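Below, subunit A partners subunit B and then partners subunit C, in two separate complexes.
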Partner chain A sequence: MTTRTTNAERMIVFEGVSKFYGEILGVNRINLAIAPGITSLVGPNGSGKTTLMNLMTGLLRPTRGTISVLGTSPHDPEKLFRKVGYCSQFDSFPPGMTGREFIEFYLSVHGYTRGEVRDLTQAALERVSMQDAAGRKVAGYSKGMRQRIRLAQSLAHNPSVLILDEPLNGLDPMARAEIIRLFQSLAAEGLYLVISSHILHEVDMMSDSVVLMHNGYVVAEGDVHGVRGEIEEHPMQILVRCDRPQVLAARLFEHEHTIEARIHDDRRGLFVRTRRPDDFYLLLNRLVTENNLKVESVAPADDDLNAVYQYLIVSEGGRVS
Partner chain B sequence: MALFENSYRPYEGGLTPEWARFLVLPRYALRDVFGSKFFTAVFCLCFIYPLVSAILVYLRHNSNAIAIMQIDVRELLPIGASFFQFFVEVQGWLAFILTVLVGPVLVSRDLTNNALPLYLCRPFSRAEYVLGKMTVLVILLSLVTWAPGLLLFLLQAYLEGAGWFASNAWMAGAIFVGSMTWIVLLSLLALAISAWVRWRVVAGAALLGMFFIPSALGGVVNQLFFTRMGNLISPAALMGSIWRGLFGHFRREVGSYEDAWGRGFVEVVIREPPLWASWLVVALICLACLWLLSRKVRAYEVIK
Partner chain C sequence: MSSTVETGEKRAAGGGEAAQLNWSLWTRQTLAVMRLELGKNFLGRRALLLYMLAGLPLAVLGAAAALVQESDGAFKSFAELGVTYSIIYGALILRTLLFFGCAWVFMNLFRGEVVDRSLHYYFLAPVRREVLVVGKYLSGLLATATLFGITTLGSFALAYFGFFPAESVEYVFDGPGLGQALTYAGITVLACVGYGAVFLIVGLYFRNPVIPALLIYGWEWLNFLLPPLLKKLSVIHYLNSLVPIPPPAGPFAVLAEPTPAWISVPSLLVFTALTLLLAGLHIRRQEISYAGE
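Entry: the complex of A and B
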């Protein structure tokens, strides 16, 4: 019992959570335990990502089930929001405010004293590299600067959990790389970052785990490679770059777990689809030795979030946003 | 699985008391409001009548001035319940103008900017949000209604003497209660309209309409049916009754007419609705406004 309590205090836990908007399903029967690090929510529009985030922050109440954020109920805002920072997807700025005032205002609402507000604001601005532009009106900011200032307001009070709805939207590649580095540094310090995003390759790059959502249900969760390994109906695709791909293809077809072998357009590689990747790698070693093949590289071609998304969501009728 | 250092330390310092957090909203909002020169000018104009009243009160007690002007200010300007009731009414309508200028954007701006989730993802409840927004109007309107009213009352008491103060202290209560009732009604109506009508001009017009259209309708009902029951749908008439009641000038019988009854004529007395009915309707309007606010002031609007 004690261990269970301790775990609940270290995780963001959803137990049988459903949310209905009247007769419309928001999310259904969600059971999740989110650990420290970067967890990405991925899914098409309307899949329930934002609903899940709003449930976590107590902005919506679940129709059924319970949620606990590091042992705190979302319905205890006084405790919850000392631990949680939230950045909504909306471009919501009160008119006429400078970046610094925007952060200071919401920190004041949070209950910090004026001195603390000043110090925390400065630290947050430095964290997102916005200290130079902080005195300018938000209305004059570029989209990337707005994203960063919103991010700053969500982390200004030093929360343990950061819930960020589409934080990479509108950022140019340089700014995205910078923000991802910030996320990674926060995660490395032990923060919980729950991020929703449509930019799959970047989610893949930065996430410790992903939660794939579709039509209000969690389709898969966990490490991307682990999730990919469990999708049995889509055999793993592996690209072998070698000097004689046609020889390798002929030998591979002698084995039943090889489903497809297709020579790369440049004729210096072979795409192989196999149901048993582990057996394939052992076989490849043998064939390379027996046939004296020169292999440049062997890499999974669909062991990433994009492939997982395609197999689990797009092929099931979802649309890529 | 990534290895986490857990070197991050959340904020563990002190916080301001929970009860005081709603005051952040008026602090920032008032700064914005007074950023408008037009509003500041109107706000300053609201103090002309209190200033004139204070001068009259002073003159009334200054024998030299009375001698110079060679008129009996005491006769011209009796200072009593009627004087203060008139003061509350005049300042009340100026407060209405301020509400029309400030009220329409208070909630609508946050709804338009999707800012409510930003407020509510903090230790800050919907009730505190409404209280904070209402406080903006309460502070502004108090400054032009009961605050100068009580100062005027104290000036009169100071010049007239302790005996006058003792026998008229109830008037201070009437000034405060009458003004605050008006302020609460105006604030809640303005916030409710602001929550439901996002376009500033339309919201302002709606607020004006809330007072003038029911007044006109009530007047028509009164004329058609030789009654005063139409006043129950007019917020302005309701407040008029409440103010008269508080200052001791409320009379139910306000007129009579002769009506054919059988073979002769009988005199029918026209009566105002009872005072408790005015209080009740004002309370019901306030409750309706709170209900309307509770429907709109949410982190997310569920559209069915």
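Entry: the complex of A and C
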């Protein structure tokens, strides 16, 4: 076995991969080698992250180039999905199913016995803390619950590679922290986690490496710590949807990393600008508990990473160390 | 990752042994796909139309039989009943209700999942896409053959026992009636086999399969006007060749010799197998893009 082959069997490898939708560019000339740990694909909407993930899982076929996931072609689903789980961004489900049935059904398609299906489903539900809601119809779930049940379904068969498209979307701060801990524990077990986000701040705290994408191209890739310092040059804006934004604003201004706090026009949210998002999220959790605030959602409101990309491209030649 | 059960990856490992076990795995996977699809076909929201189509002849014949009983009058002579039922079966059940029932079920096997945006879950499972085709097709076949089989036998029973109960007992149990009823039921199953394959492929190839379905409907209906060679390029020709009592051909019909059963049945089965093969080849290369659905 050659060294090249051995590496291919240990990595997720893209070699000269391009995908065009007719004349529209999806991704172009992608060369990547993804190692174990958490790798984040980051870029604005339309930058090609989902296309890259769909190519990796065979939902799309590349126009040019080859992809290998631990030595397996994405077009051999029978082998690929023994080792890969994909939590896609499609927020849709087969009609009429409960959360448990949803996971059990797709496990049964794997060919597991009834007993194995039951055990794997229970373990997956516990991992995402959805045991209590598993008997309810998915149609009645909140967005965060739907996100978590899809996550459970994608990891129920214990894959080596977990691909997650915007997995933190729709989660409240507590659930977000819990899911991030789950990702970290999975990575510690030696899994490959590929996570996409349009918010760099959202994933940088948990990632081992990042791939920055823009307009279908990889504009930078490398160690996340190299990127983090650059990000701190750029204050981040976060929208917190809650019942008493004025209370939250008052408390946030007690902390020096809050640059700006502006109440949303509908008075049901607060725009916060901060230089240290990590500290902000920790602080927010504490303030929510202390002030008994009802938080509906927390989402970065600052999608434009172009400044960071440009900085990285110019200063580092597209590679961050 | 710790787990008390064997992972899928381990199960797939094992070289030659795994290769030998594939048929067993594919069978389990096919049955699993069928279980879910049968649930959708029988209990899903799309099943309502299927029940309406399958139930219509029973409702009409049941109502007609009740009216005849109340009016205390004979409907027609018993001797003509065989031909009357043959017309009802051919025109109403086979060419219309079963045709559209199969169109509805089989075109939605994949198309419906694209509309519901749930097909990717199947594509993200470690299952050969050909296995999906077979599992889905068999579930559609089981659903349509069961419902329209009941329709066929039920309508036969209503047509005979509803209008001529005394004569029908003798005709069915001491005459050719039972054999005819079972032959009609067999034709119904074969129709589901053939039309099912046609509509499965239509649902895969066309984003809006309604127009191709209507074109096929026209082609099948106008089959009696076609020259003998073109008649053979249809499903209905082979099914008509099997009916125990042929309906009247009509004034404009181009007559052709019926194809013997030993050719009709294998022809439909071979056609179905080839169509499923084509569907398998298509689905192997299918991409998931719900944009514009």
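In this text, the second predicted complex is superposed on the first by the 222 of 321 C-alpha atoms of A that agree within 3 Å, B and C clash if a C-alpha of one lies under 4 Å from a C-alpha of the other, contacts with A are read in each partner's own complex, and residues count from 1 in each chain.
Following the convention adopted for this analysis, a contact is a pair of C-beta atoms (placed from the backbone, for glycine too) under 8 Å apart; a residue touches a chain by one contact, two chains touch by 3 or more.
This structure is a prediction, so every number in the text was calculated from the model and none was measured.
Superposition model on subunit A: subunit B and subunit C are shown in a clashing arrangement. Once the two complexes are laid over each other on the shared chain, residue contacts for A:Ala187 go to subunit B alone; subunit C is not touched.
Once chain A of one complex is fitted onto chain A of the other, the partner contacts of A:Thr289 are absent, as it touches neither subunit B nor subunit C.
Contact with subunit C, but none with subunit B, is seen for A:Ala123 once the two complexes are overlaid on the shared chain. Of the two partner chains placed by superposition, only subunit B is touched by A:Gly22; subunit C is not. Applying the stated contact rule after C-alpha superposition, one finds that A:Ser108 touches each of subunit B and subunit C. In the superposition on chain A, A:Gly37 contacts subunit B only, with no contact to subunit C. By the touch criterion defined above, A:Ser297 reaches neither subunit B nor subunit C. Contacts of A:Asp208 after superposition on the shared chain: subunit B is touched, whereas subunit C is not.
Of the residues of subunit A, those at positions 21, 54, 57-60, 77-78, 80-83, 86, 88, 90, 92-96, 105-106, 108-112, 116, 120, 153, 157-160, 186, 189, 191 touch subunit B in one of the two structures and subunit C in the other. Per the touch definition, subunit A reaches subunit C in the complex via residues 21, 54, 57-61, 75, 77-83, 85-86, 88, 90, 92-96, 105-106, 108-112, 115-116, 119-120, 123, 153-154, 157-160, 186, 189, 191.
Interface residues of subunit C, counted against subunit A in their complex, comprise 1-9, 11-12, 25, 28-29, 32-33, 35-36, 40, 43-45, 113, 116-118, 120-129, 284-285, 287-290.
The part of subunit A that touches subunit B in the complex is made up of residues 21-22, 36-37, 54, 57-60, 77-78, 80-84, 86, 88, 90-96, 105-106, 108-113, 116, 120, 153, 157-160, 186-191, 208, 223. Those residues of subunit B lying in contact with subunit A across their complex are 1-2, 4-11, 13-18, 21, 24-25, 27-28, 32, 35, 109-110, 113-115, 117-125, 299-300, 302, 304.
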